[in-house]
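You will see subunit A twice below: alongside subunit B first, and alongside subunit C after that.
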Partner chain A sequence: MDTIGFNQHTSHEYNEELEEIRNLLLNMGGMVEKQLQKSVQSILQTNTKMAKKVIKKDLGVNALEVKIDEECTRIIAKRQPAASDLRLIIAVIKCSTDLERIGDEAEKIAKCGHFLIENNFQGQFYKEFEKLSQVAIQNLHHALNSLARLDFEAALATVKKDDFVDQLFESLNNDIILSMSEVPNQIQSLLRLSWASKALEKVGDHTKNICEYIIYLVKGKDVRHLDIDTLKEEYF
Partner chain B sequence: MDTIGFNQHTSHEYNEELEEIRNLLLNMGGMVEKQLQKSVQSILQTNTKMAKKVIKKDLGVNALEVKIDEECTRIIAKRQPAASDLRLIIAVIKCSTDLERIGDEAEKIAKCGHFLIENNFQGQFYKEFEKLSQVAIQNLHHALNSLARLDFEAALATVKKDDFVDQLFESLNNDIILSMSEVPNQIQSLLRLSWASKALEKVGDHTKNICEYIIYLVKGKDVRHLDIDTLKEEYF
Partner chain C sequence: MIDTQITKKPKTIAEIHAEHKKTVGQPFCKDAKFSTRNVDVFYGDKQAIFDVSLDVGKHEVVALIGPSGCGKSTYLRCLNRMNDTIDICRVTGQLMLDGEDIYKKSQDPVLLRARVGMVFQKPNPFPKSIYDNVAYGPRIHGLTTNKAELDEVVELSLTRAGLFDEVKDRLHEPGTGLSGGQQQRLCIARTIAVQPEVILMDEPASALDPIATAKIEELIHELKENYTIVIVTHSMQQAARVSQRTAYFHLGKLIEVGDTNQVFTNPAHELTEKYITGRFG
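On to the complex of A and B.
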C-alpha cells in the first residue's frame, strides 16, 4: 500500500494544527456521508421527518466549510508551509468545497423525498434507485477512508469506480423518462425521482474530485481532468 | 465605489506574479462567459456546429483551472504571502473551481442543445429560456467585472440579483413540467430544456459564490452561506 504521512515538524504545535485541519475535514466528510444516507433513507422509507432533518442540518456542514478554510488560511499565514504541507492545505481547501456541495446534493435529495412522500408516490424504480445510492455512498465512504489514510491506490481505485455510478444513473434515468410518457399523471413525481438520481450522479463527480486531490496530495501531481486511460498509463 | 488594489511590494517580480494569477483567472472567466453564451445560442439558433464546438472547448477551461491552481501554490511556497495577498490567492483558487464548474454547465447546455436540434424541437418556451439566460449571463459578466476591479459593492449587488435567476428558473421549470403532462410525446425534449434551464440556475449559484469570494477578498470576512438580510445588516 502506497501511503505517506505528512511531514513531522520540530514544532509540536504546527503538527497539531495540520492534524486538526485534516480531522476537521474528516469530520465534515462523516457528517456529509450521514446526511446523504439519511436523505436516501427518507425516500426509501417514506420518512418526512427524516427528510426535514436533512434539509435543516445542511447549515452545520456549511459552517464547517467556512471554518476549515479559515483554519487553512491562518496556518498558511502563520507557518508559511512549503512542499507537502502546502499541498495538504491546498487539497483540504479544495476538498472542503466538494464536501459542501455533496451536502447540497443530500439536501436536494431530501427535498425530492419530501415531495414524493407528500404526493403518495408508489415507489416505482426504488430498487434501482437504492442500488445507485449504495454504489455512490460506498464510493464516498472509500474516498473518505483514502483521505484518512492518505492512500493513493485506494483513491485511484475509487476514481475508476465512478464510471459505474454514471452507468447506473444513465440506465435508471432512461427508464424513468420512458415511464413518464407511459404514465403522464405521474410526471411530477417521476421528475423528482430523476432529480434525486441526478444528485447521486453529482455526488459521484464530487467524490471523484476528492480522490483526485488525494492523488495530487500524495504524488504532487495534478491529475484532474485526465481520462482514466491516461491515469492508468501514468500510475500502473 | 469601494475598491482596493492588492499590496504593492518592493519586489517587482512578486507584483507581476500576483497580477498574473488575477489575469489568468480573468482570462478563464472570459473564456467561460463566451462558452456559456455560445451554448445558449446553439439552442436558440438551432446551431449544431456551435453546440459541438462548446462541448469540445471545455478541455481548454479545465487546463486553465489546473494551471491557475499550480501558479497559486507556487507563489505561496515561494513568497510566503500574508494578509491581503494570501486572501487574494485563496480567493483565486476558490474562484477557479467555480469558473470550471460554469464551464461544465455550458457543456451540459450545449449537449441539451444538440439533442433538441436532432429531435427537431419546435422551440416552446424559448422566449422564457432566453430571458433566463440573459439574466444569468449578465450576472456572470458583472461578477467578472467586480473581480477585475475588486469592486465590493458591485459584488454585493450581484449576490442580491441571484434571487431573480432563481425566480425565472422556477417559473419556467413549472411551465415546462405542466406542458409535459399535456404533450407527452414531447417529454424527452422538454426534459432537456428543463435540464438546460437548471444548468443556468446552477451558473447563478456559482456566480454568487464568486461574488462572495470577492467580498471575502476585499473585506477579509467570509460571507458564504449568510442570507441576504444578514449580508445587508453587515454591510449597509
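On to the complex of A and C.
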C-alpha cells in the first residue's frame, strides 16, 4: 500500500507536481483500458463505428504520453528528485510508454475488427478470443489498481498471471492456423483475428512491464527479466 | 474505473528517530583508514553525538549528510581533534587512524592535523602571499631543506589543487585577492602541501558559485587517487556526485551508511528517505 507519502514534501508545490504526474498517468491508464475494451467490443459486436472511434481516439493517448514526458522532464530539471521521488518519475515515464503501446495495440485490434466486419467474417473463435481479451483486460485493470494504490504484492500477482494470457493466445493461434488450411478462402480474415489475438498477447506483456515498474517504484528493486518465483523468495 | 487510493497515517520524524537503535547499511569496510567505534561527543552536559561507529576506507570519499545540527560537522572535527579547541567538548569512544588511537595521550594533535588536513566552509587564506600560504605548512613542519625544494612543493600543491596555471604569474600577491573559488582551492593547496593522508572538508563549496563548485568537485575526484576524503555537505547532489559512500546523520545518531548510488535511489532507512527527498516539515 502507499506508505511512500508523495504528499509529504516540505514544498507543497513539489507535492502538487508529483500528484499531477500520478494523476495524468492514472488518467492515461483509464483511457487506455477503455480503448482496449472498446476495440474488443467492436469485433465481438461487429460495430464499425466503435472501431473507427477507437482508431481516432488513439491520438489522445499519444498526446497524453507526450504531456507526461514533458512534465517529468520539467520536474527532473527543476527538482533533481532522489530516492522514491526519482523512482516515481522513472516509473511514470516507463509506464506511460507501455500504456501508449497498449493504446497502439487497441488501435490494431480496432483496425482488424474493421476489416473483419467489412468482410463479413462469421465469427469463428470469437468465444476463445473473448476469453483471451477478458483475461488481458482484467490483468490490465489489476495493474492499474496496483499503480493507484502502489500495491506491489498485487502487482507481483498480476505479473504471474501473464503466463495464462500467453497460454490462451498460443491455443487460439494454433486453432486459427489449423483452420486456415481447412478454409483457405477465410485466410485474410483469420489472419486479422490472429493479429488481434497477438495484440492482446502483447497487451499482456506491457501490463507485466507496468507491474514490474510498480515493484521497482515501491521496493526499489529492478525485477525485470527475473524469474518471479525466485524473486519473490529472495526479495519479498 | 480505478479504485481510489488508500493512505495510511505516517509516523512523525520524532517517532522514527526515537525508534532508531542501530545504524543501517554498511558502516564498516575492510581496508579502513579511519576506524571509529561507539563515539559519543558532549558539549558540557549536552550530548551531540550518540554511539557513532563508522569506517572510512583508504582512498575513499565518504560524504556526511544530514540536517543542520545533526552532528556531522562535530563528528568530522573529531577526526583531527579540532574539537580539542573547544573547552567544554568531550569525546569518548575509539577513534583509530591506521590502527592507532588518535586520542591517546602521546598523540600530538598538531602532528595529527598534518596527517589529517581540513578545508572549511569559508575560504580562510592567511593574510600572506599565495606562495607563503602554501609554503606555511611545509616550513613549520620542516618538510623541505632549501628554497628550491619549497618552490617545488608549492608548485606541485597548487597544480594538484588545479590553481597553478591561474596564479603562476602572481605567486607573491596576497592570497586574499583571489576570487572565492580560487581562495578555496588555495586552501586545498595549503592543506595538501604538508602531504596529509586524509582531507576533511566541511561544506567546502557552500560559499561558491556553480563553476567554482564544479572545479572543487573535479578536484575531489582527482584527489581521491591519493587521499582519503571525508566531506560534509548540505548539497545532496554534491554528495551524490563526489562520494562512494554516504552517511546520513540525524539528531546526533548515525542513521544509515551505504553505497552512494543505493542511498540516493533506494535508501534503506525511512529518515534518510525523508531527508533526501525533502519530506522534512
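Here is the rule we use: the second predicted complex is superposed on the first by the 227 of 236 C-alpha atoms of A that agree within 3 Å, B and C clash if a C-alpha of one lies under 4 Å from a C-alpha of the other, contacts with A are read in each partner's own complex, and residues count from 1 in each chain.
Note that in this section a residue touches a chain if its C-beta (ideal position, glycine included) is under 8 Å from a C-beta of that chain, and two chains touch if they have at least 3 such contacts.
Remember, predicted model here, so these are calculated numbers, not experimental data.
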Q) For A:Tyr14, is the partner it touches subunit B (first), subunit C (second), both, or none of the two (neither)? A) second
Q: Classify the contacts of A:Ile117 with the two partner chains as first (subunit B alone), second (subunit C alone), both, or neither.
A: neither
Q. If you stack the two complexes on chain A, which partner ends up touching A:Thr97: first (subunit B), second (subunit C), both, or neither?
A. first
Q: Have a look at where A:Ala157 lands relative to subunit B and subunit C in the superposition and call it first, second, both or neither.
A: neither
Q | subunit B versus subunit C as contact partner of A:Ser181, first or second or both or neither | A | first
Q. So, A:Ala148: does it touch subunit B (first), subunit C (second), both, or neither?
A. second
Q) Which partner does A:Arg87 reach: the first (subunit B), the second (subunit C), both, or neither? A) both
Q: Please write out, lowest number first, the residues of subunit A touched by both subunit B and subunit C across the two complexes.
A: 80-83, 86-87
**Q.** For the subunit B and subunit A complex, residues of the former touching the latter
**A.** 59, 62-63, 65-66, 69-70, 72-73, 76-77, 80-83, 86-87, 90, 93-94, 97, 177, 180-181, 184-185, 187-188, 191, 194, 222, 224-225
Q: Mind listing the subunit C positions that touch subunit A in their complex?
A: 1-8, 10, 236-237, 240, 264-267, 272-274, 276-281
(Q) Quick check: in the complex, which residue numbers of subunit A touch subunit C? (A) 1-3, 5, 8-11, 14, 26, 29-30, 80-87, 144-145, 147-149, 220-221
